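Each structure below is given as structure tokens.
Shared between the two complexes below is chain A, which pairs with chain B and chain C, respectively.
After this line comes the complex of A and B, so read on.
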């Protein structure tokens, strides 16, 4: 639906004019608010946030150093791009966005401390940030206590909902169920082997996946294995996979372990064009480190792939590369991080105010038609309605879109029957 | 758990599992050798060992890129050159670090722990600034990918065989250098009695520098080899450091045989347990066993008998 709505907006001439501004559709959708006379600061900021007549300050809070910098760099880049594009299109309620970037340094107490600094000292109007669930859990009490607004980009395990957080990534059921349904139908898969890193996200995701396989798909989980974070030796579990011969290997291994797992899988002679493998933890970012030749043929279940063929994405990808370099790749979370500043802007304009309470109340129903993934809408539970997609990894490190759900999938952070 | 499988299946799985254990053993020996030399011979607790390995990995990555761009015809053989370059780069950096930092701390061995930990953080950030925060993918020549088909159900990963051969080669070289060469005798003399070694005309400073350089160089080769099985990123070195210390301490410092015996017992326990339970539980039990044994034998499996 979003595709059709956008087609008219992008005549070749206009596309040329607006190249470099992925924001195109959203800007044209909202001409009145964007270019109208800016309202008085006292009217739109009643709680003392850092809003002046010309500027509004937001915070970016990710790990630029430490272990998680590998993953969070993309999110920082996407958020800066979004802010730049919003400013180029006139800002928010006539005010340019200024950002203060803080480094969480891959350390969860540091995240909490920096969040407090951003809210208390800098009075930021919103925070774009966090990546791991651990960092979000550390920041959550802070944003709730000081009544801040956090836009959180990562797909995560669910089981959380807060007035002060907008979750722009998928919660677990949104990410997993449609992918399992597809592979069960497409490959006639009955037996599944789960392998994950040993922490909350893979364990919760696999718990949901197991219930779905056993109760809905009437299949069988023939193995469920966890390895410590950072494990580099997977030969034993690969032997177990060979012994149990599952129809599908379902993986949520993360970080450096990911690279080791796929390299060793390939070395053990498991051919991913014959053995179906469905992962929920490998995006284009990870393939950079894994190497396309080691993972080609695997299926990934995400909501966004860099290769998506729609007008929004065709403007977004070149703009991103122009800002951050030709070789940069864009993974699922990077796209979700890009949504954060945009959703915040749209919500502020809908609420007609920067006040956090008004934004929280106005969030449900906010739509972003310029999203590179197509179209998203904020649900009453502050998660996003979005499609689930399955892509197949190619040698060049990109995904080929194989399947997408016909409709937007409803976010369900507290799934009944899956706990 | 074995009821559902045929004898043939089980046979080949046990063969492959045995092989998995041997590969793990080679990986452990390879990553621990450099540290065994530095920690065992010099008493320096080198927390930056993992970062020296990753320097080797980055050198391999750069060599691979260079060959792809300028010498695509020779790409299939680049890995051997890359390992030599990795040895030189890590070794040179090791010697520099010894000269700037470590030599001032020989009398305060515990301080080397803090100093090298700081060094590891600096190196990580340096890699991040130079090579970017994201992991890089090291492309391997075609012949190093995939596996050897021994029978229909037994497949042996080529990278595993490669690591095993490399480990044997390096272990023999190190043993030769340490126990047969003139320089090795000097190293051991300095370890046993620095003042007397100096008195008989050994240049102890030079020996220290080259020993540290050798240890770091071997770490570089290990890092280069591990691009085949693991990730290459600014913090990847952290993945190895705990296991490395585990192997060296459990084996007993200052003993090459001890390091090998310890790598063997830890890797076999680990891979056998991994087959019967989940990876995390296998790790827990392995660590518990190591702790238990170290409580009974604090000096490690093999310790030099010295007169106190």
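After this line comes the complex of A and C, so read on.
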């Protein structure tokens, strides 16, 4: 599978082309040419979407304000970059993408309201958006009712599948199981301590992890603790960790709480170069706040790291930095958000239409060979086939790739035996 | 019409104008999407209306109205969620027939306190009674001990914070931070399509006018006069032999029930309920609506709510990254320059001109703010 993924990139000519056109990494690999005569609008848009002979409108719906803004900004930036690159490469079916950005304001009903506005008023052809599970849950009934298309970037808990959503991040089993297998094998880990923020994603993820540890790895979960979002006091759980001495600390603490957690862990004398810690919630973005020195040595399990060494990523990272500044870092979700507009474009071209029903039907099997994470493909269940990787945090805030699965991992949003 | 009736002449005109605006003008000029947004704004108008009675007239500043809004909304949402979670709709769950969030949290049977919410009659009663009784308990505990003013405001905030934490923490029973989403039908009637939204809008406007009438009645009754007297000089009212605490409890309960009706309407119109309407921030926002509209004016509060929410929507659509600053600036400007809000502007600048145009019908000055009771800055 991995060979297939890189086939298109191996030829030196293509690589050269890619290097030269850092801003348009995937152009040479598009399945259809974008330069053909653009088809008539009436033929490719039968449902009254905002498509003209020269333009097509999509929506970007993330939190630009409020507590989630810090996380979602990366996604907004990635989506804008992708749209710019697609336009530079000729647009979609000969039409330039125009975007309307709406602010979800870290408030779930606002997300629903804005999604409705984008679909009903602006008639956007697709929405790139949402971040937290709560915002997706709020938007989901809206996109289903008004038959919109949502590209959702975050790794999430699964247990969901919709005709109207493409999940470009990993669902929980995809993200977690390979990481647990690796650490059990590599470190001989038998006992695990779970710490999470108290909401649906950590709870579901930990449920899956617990079943896997107990039933498959034949290990033991020696503790499972949850803290409210935004919590900054982790001393009591750190004491419990010291008492139970788990082989692995497995964490899905999110957002700002991470800063307090890793600092207090370090202050309590837990040395992450000796104590194995596997996180599924810390990306390069979070390390920016935590500080590399506080988390160096921890393992993270996800599908993308900024440091990945492949030609796609080597074109993507400089293009992103060129557009948004040298200091920006690119985390897992930012990369997944970048996939959204590209996958949509490829699907529209495969379907030969902007109609949502046709896009939904054409989605399974759509491949994106220019993905910074490598090759991805849309599964029948509208999630992505993707590799799972384990990285180790370094002092400079980047991850060093330690392990990656040999093949793409199949997405399984309703995992049997894990519910 | 004499003074002690339901309303005086200019109030009657004001109410008619509002009725025409909400029932005729808006539905004719707005598309269904915008009309549904107005319906959402109006759910907050219920809260603002309650705050006019409780804060404007009674002088009791509650920074925890979100609690009652949330209780009403959650009662309604529980009923709708149960209906949306029929065995047929939830086949893919490990336990079909219970709300999806319970299934995610490994709950295998419907909790006992959820069961009565299968009945619409019980739900409607609960929407009024649960927040009413809760307000009665808080009010009794506070006002009987003569806790008032700032201390009361702080305690209501604490209650709002506690309830939010409770809802978020007990996600197996409440849906946690995600809230209750994907509400679909009311007694088999789909609440999501456009025509249902229009029907719900008119139903809501009807309820709002009933509440306006109740508020008008309270305001013009002897009770309303006592509330104002209490706000201005509590001790004097007490020495005159009135039980100040009971009046305060009453005002607080009325405000709570209004807020709860608003919450229930919210769940119906938006198809959604989440803890983000229960906490401290939304509660303070609700006070701001009242302040912008004019806390002494029943109609002012409604226009204030509409204006602030409309500004919120349009600013955030136009300036997705800067709108919060604009909104903040608007609040500061209004509160600094016009302490009596929109209603104050009307009474000070617009009404006198109208009076001059239509020469002296009466010698007594009339206006939204009912100057006979509302002149001068209140004590709180």
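List of remarks:
One rule holds in what follows: the second predicted complex is superposed on the first by the 392 of 419 C-alpha atoms of A that agree within 3 Å, B and C clash if a C-alpha of one lies under 4 Å from a C-alpha of the other, contacts with A are read in each partner's own complex, and residues count from 1 in each chain.
Here, a residue touches a chain if its C-beta (ideal position, glycine included) is under 8 Å from a C-beta of that chain, and two chains touch if they have at least 3 such contacts.
Worth saying up front: this structure is predicted, and the values here are computed from it rather than measured.
Residue contacts after overlaying the shared chain place A:137 against chain C, while chain B stays out of touching range. In the superposition on chain A, A:186 contacts neither chain B nor chain C.
Of the two partner chains placed by the overlay, only chain B lies in contact with A:291; chain C stays clear of it.
By the touch criterion defined above, A:101 reaches chain C but does not reach chain B.
After overlaying the two complexes on the shared chain, residue contacts for A:414 are found with chain C alone; chain B is out of touch. Contacts of A:198 after superposition: both chain B and chain C are touched.
Once the two complexes are overlaid on the shared chain, A:228 sits against chain B and chain C alike.
In the overlay built on the shared chain, the residue A:259 is in contact with chain B alone; chain C does not reach it.
For chain A, the partner that touches more of its residues is B, with chain B and chain C as the two candidates.
Once chain A of one complex is fitted onto chain A of the other, the partner contacts of A:64 extend to both chain B and chain C.
Residues 64-65, 198, 228 of chain A lie at the contact with chain B in one complex and at the contact with chain C in the other.
Chain A meets chain C in the complex at residues 64-65, 101-103, 105, 107-110, 112-114, 116-117, 120-121, 133-134, 137-138, 140-141, 145, 157, 159, 198-200, 203-204, 207, 228-229, 414, 419. Within the complex formed with chain A, the chain B residues making contact are 5, 9-10, 13, 16-17, 19-20, 23-24, 27, 125, 128, 132-139, 145-147, 149, 153, 155, 157-160, 226, 228-236, 238-240, 270-271, 274-275, 278-280, 282-283. Of all residues in chain A, those touching chain B in their complex are 64-67, 69-70, 73-74, 198, 224-228, 230-233, 235-240, 242-243, 255-260, 263-264, 266-269, 285-293.
Residue ranges of chain C in contact with chain A, taken from their complex: 31-33, 36-37, 40, 92, 94, 101, 104-106, 165, 168-169, 171, 176-179, 181-182, 184, 192, 270-272, 274, 276-277, 313, 316-317, 320-321, 323-324.
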